[in-house]
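Let me give you the structure first, and then I'll get to my questions.
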Amino acid sequence: MSGTDHHDRPALLEAQALAFARNDEPIFGPLDFALHAGEVVLIEGDNGAGKSTLLRVLSGLLAPSSGEIRLHGEPLTLARLSPQVALLSHQGGLKPELTALENLRFAAGLHGQRAGMSAGTALAGVGLEGYADVPTRQLSAGQKKRVVLARVLLAPVGLWLLDEPYANLDLDGIKLVNRLLERHANGGGAALITSHGAYAYTSGTPRRIPLQAHSASRTADTGAIDGAAAR
Amino acid sequence: MKPGSLPAACAALMRRDLTLVWRRRGDALNPILFALIVVALFPLGVGPEPEQLRRMSAGVIFVAILLAGLLALDTLFRSDYEDGSLEQLVLSRHPLSLLLGCRIAVHWLTTALPLIIVAPLLGELLHLADAVRWVMVCALLLSTPLLSLLGAVCVALTVGMHRSGMLLALLVLPLYVPVLIFGAGACNAAQMGLPYAAPLLWLGAALVMALVVAPLACAAALRISLS
Amino acid sequence: MNALTLWFHKTGSPPTFYRIAGALAPWCFGLGLLLGLAALYGGLLLAPRDYQQGDAYRIIFIHVPCAWMSLFAYFFMAANAFIALVWRIKLSEILAMASAPIGAAFTFITLVTGSLWGKPMWGTWWTWDARLTSELVLLFIYLGILGLYNAIEDRRQAARAAAFLALVGVVNLPIVHFSVNWWNTLHQGQTVRLMGPSKMDGAMLWPLLLMALATHLWFFGSLLARTRVGLLELDGGKEWVRSIALAEGARGNG
């Protein structure tokens, strides 16, 4: 069940007046939104709107230019964040020379693994049981994406930040992502996903946060893009 | 070891790096080949007289190994940066400096240690005096980790830049100068019959400090580069 | 906020600093030039010949102050780099990056004048004596910082990376000097010594010190001018830059 009955609980992740600029060019913001346990929120926007940058800021890799991020009500530091967040980035983080299983075993060693799950079961969970010993460079783009999803699945974290999780996947893959998201949300986790609109999370009506690409012209007061936290 | 704990993370990282080197073990020979080529060119350039070569031998071998190490430095973070694994290291809950220290250690083990093993052979090519050979190996054992640690800080600053080779060389040169002076200086002192303990001790002291400080500096530099 | 912090905030604000720098820079340049000419007159014409080197030593009046400036510029840059990294103050970033090319130029002049001095002194254009070698490594450090700064697209990230490198260099400088000294004694036995100012004749001393003052003034004049440019570049989209540009445009047309 996703939807509107989670707002009585304290917010898992909160962003207040969050903005990021590079070389004084605004990339996104100021944004205000809150994410609660059990929610899947979709960040929409065209290419170049700053969706990936927003996820990187929320994961702690980049420092915001202004504004604040709060985790469980406390201000965020990278040290507090890292045990609680898994980031699925555009590049994936897989070594091409290692097999799918070796990549997952490394991730498990580095980040730990979810209770009751192993690298093998995570791989099975994304439909790649027979591919454990295949070097990642021999996998197709869709299969590589599934391995990365397995890595996220394996991580013992409550908050998923997924950048374009549907990219490169076929119809079965898309259904897989939705299944994983639904199970994660029902188990008390939360996820923030980006998509440029092609395929969206279909379970219930997810909250959407639109990001608008900033124009190239510099005006004194660039119009503030408010993340319309749809209620 | 509990998965996700610090020892498990370091072990997983080192195991991964050793596996990666093993999968591309042909490439691991490149630094040795390069050092061999540099050393082989010197007699062709300055003449084969044994006396002249003997006087230069320790210094030339040091420079050759230094240059080979410089070439190998590029592989330290590049592939991790390009496929996104470096981000995963930064995002992990463990101190980045410790993880980078493990990375640098495996890198030294797989690029510099083979060079040190080959060094006496290179010495034979240049008629290196017997008395100096073990001083040279000692000096290399102390200097090459220093070169790896100092080089790693500079690589962290230029990570992700295309064609950063010349810039990297420019950045590491001022850091390498003292290491080269003391390392090759110890060998030259031994060759001249002068006491050689002092420069080796300086190298040792510098190595101990670098072991503590360089991974921290490397992590700070990486955070700046990735921001 | 007490008065001192308030004053810092005010002067550190880009438009205020731009104005102050614009007013001060011409004075620094002018005074520096004047004192420099006076120093050259004193050094080249008034000071007596050296009993050992004849007139060849006179290049010391340029060589030594430039050597001092090459080090002063570095420590000034490192101090600002530290402030920029710890407190993320934009002005410190610009000051640090503006001092780098000036310091590099002084280092280059030191090397060239040292080389010109070497010819009559030691009969060779270049010599690997301890100080020249250290100065050469210092030039490489400067070039590395400038190279890194120019290689990164994002100006503020570039300044932070270059500032970090500058701090690494500041730790490295004494180590390099120490090691090069040791290396020199190992291979040459006796280092060639430059005359220390304390042993100099009074008539030789005052032009040297005057030239040192002149180079300091020149450094600050150049620094202020470069910082103004840096501020304009970094704050390009802001209101205060636009009003200055409009004012300049109006003045040009009017």
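Quick notes on this one:
In order of appearance the chains are A, B and C, and numbering begins at 1 in each one.
We take it that a contact is a pair of C-beta atoms (placed from the backbone, for glycine too) under 8 Å apart; a residue touches a chain by one contact, two chains touch by 3 or more.
The structure displayed is predicted, hence computed values, not measured ones.
Chain B has the Cα centre that lies closest to the mean of all protein Cα atoms in view. In this assembly, A is the chain whose CA centroid lies farthest from the centroid of subunit C.
With each centre defined as the average position of its C-alpha atoms, the distance from subunit A to subunit C rounds to 48 Å.
Centres computed as Cα averages put subunit B at a distance of 33 Å from subunit C. Distance between chain centres (mean CA atoms), subunit A to subunit B: 38 Å. Multi-chain contact residues of subunit B, defined as those touching 2 or more other chains: 227. Multi-chain contact residues, meaning those touching two or more other chains, do not occur anywhere in subunit A. Within the complex formed with subunit C, the subunit B residues making contact are 153, 157-158, 161, 164, 167, 170-171, 173-175, 177-178, 181-182, 185, 188-189, 194, 199, 206, 217, 220-221, 224-225, 227.
On the side of subunit C, the complex with subunit B involves touching residues 137-138, 140-141, 143-144, 147-148, 151-152, 157, 160-161, 164-165, 168-169, 172, 175-176, 178-180, 182-183, 186-187. On the subunit C side of its complex with subunit A, the touching residues are 153-156, 234-239, 242.
Residues 22-24, 218, 220 of subunit A touch subunit C in their complex.
Within the complex, the subunit A residues that touch subunit B are 59-63, 79, 82-83, 85, 87, 89-98, 102, 105-113, 156.
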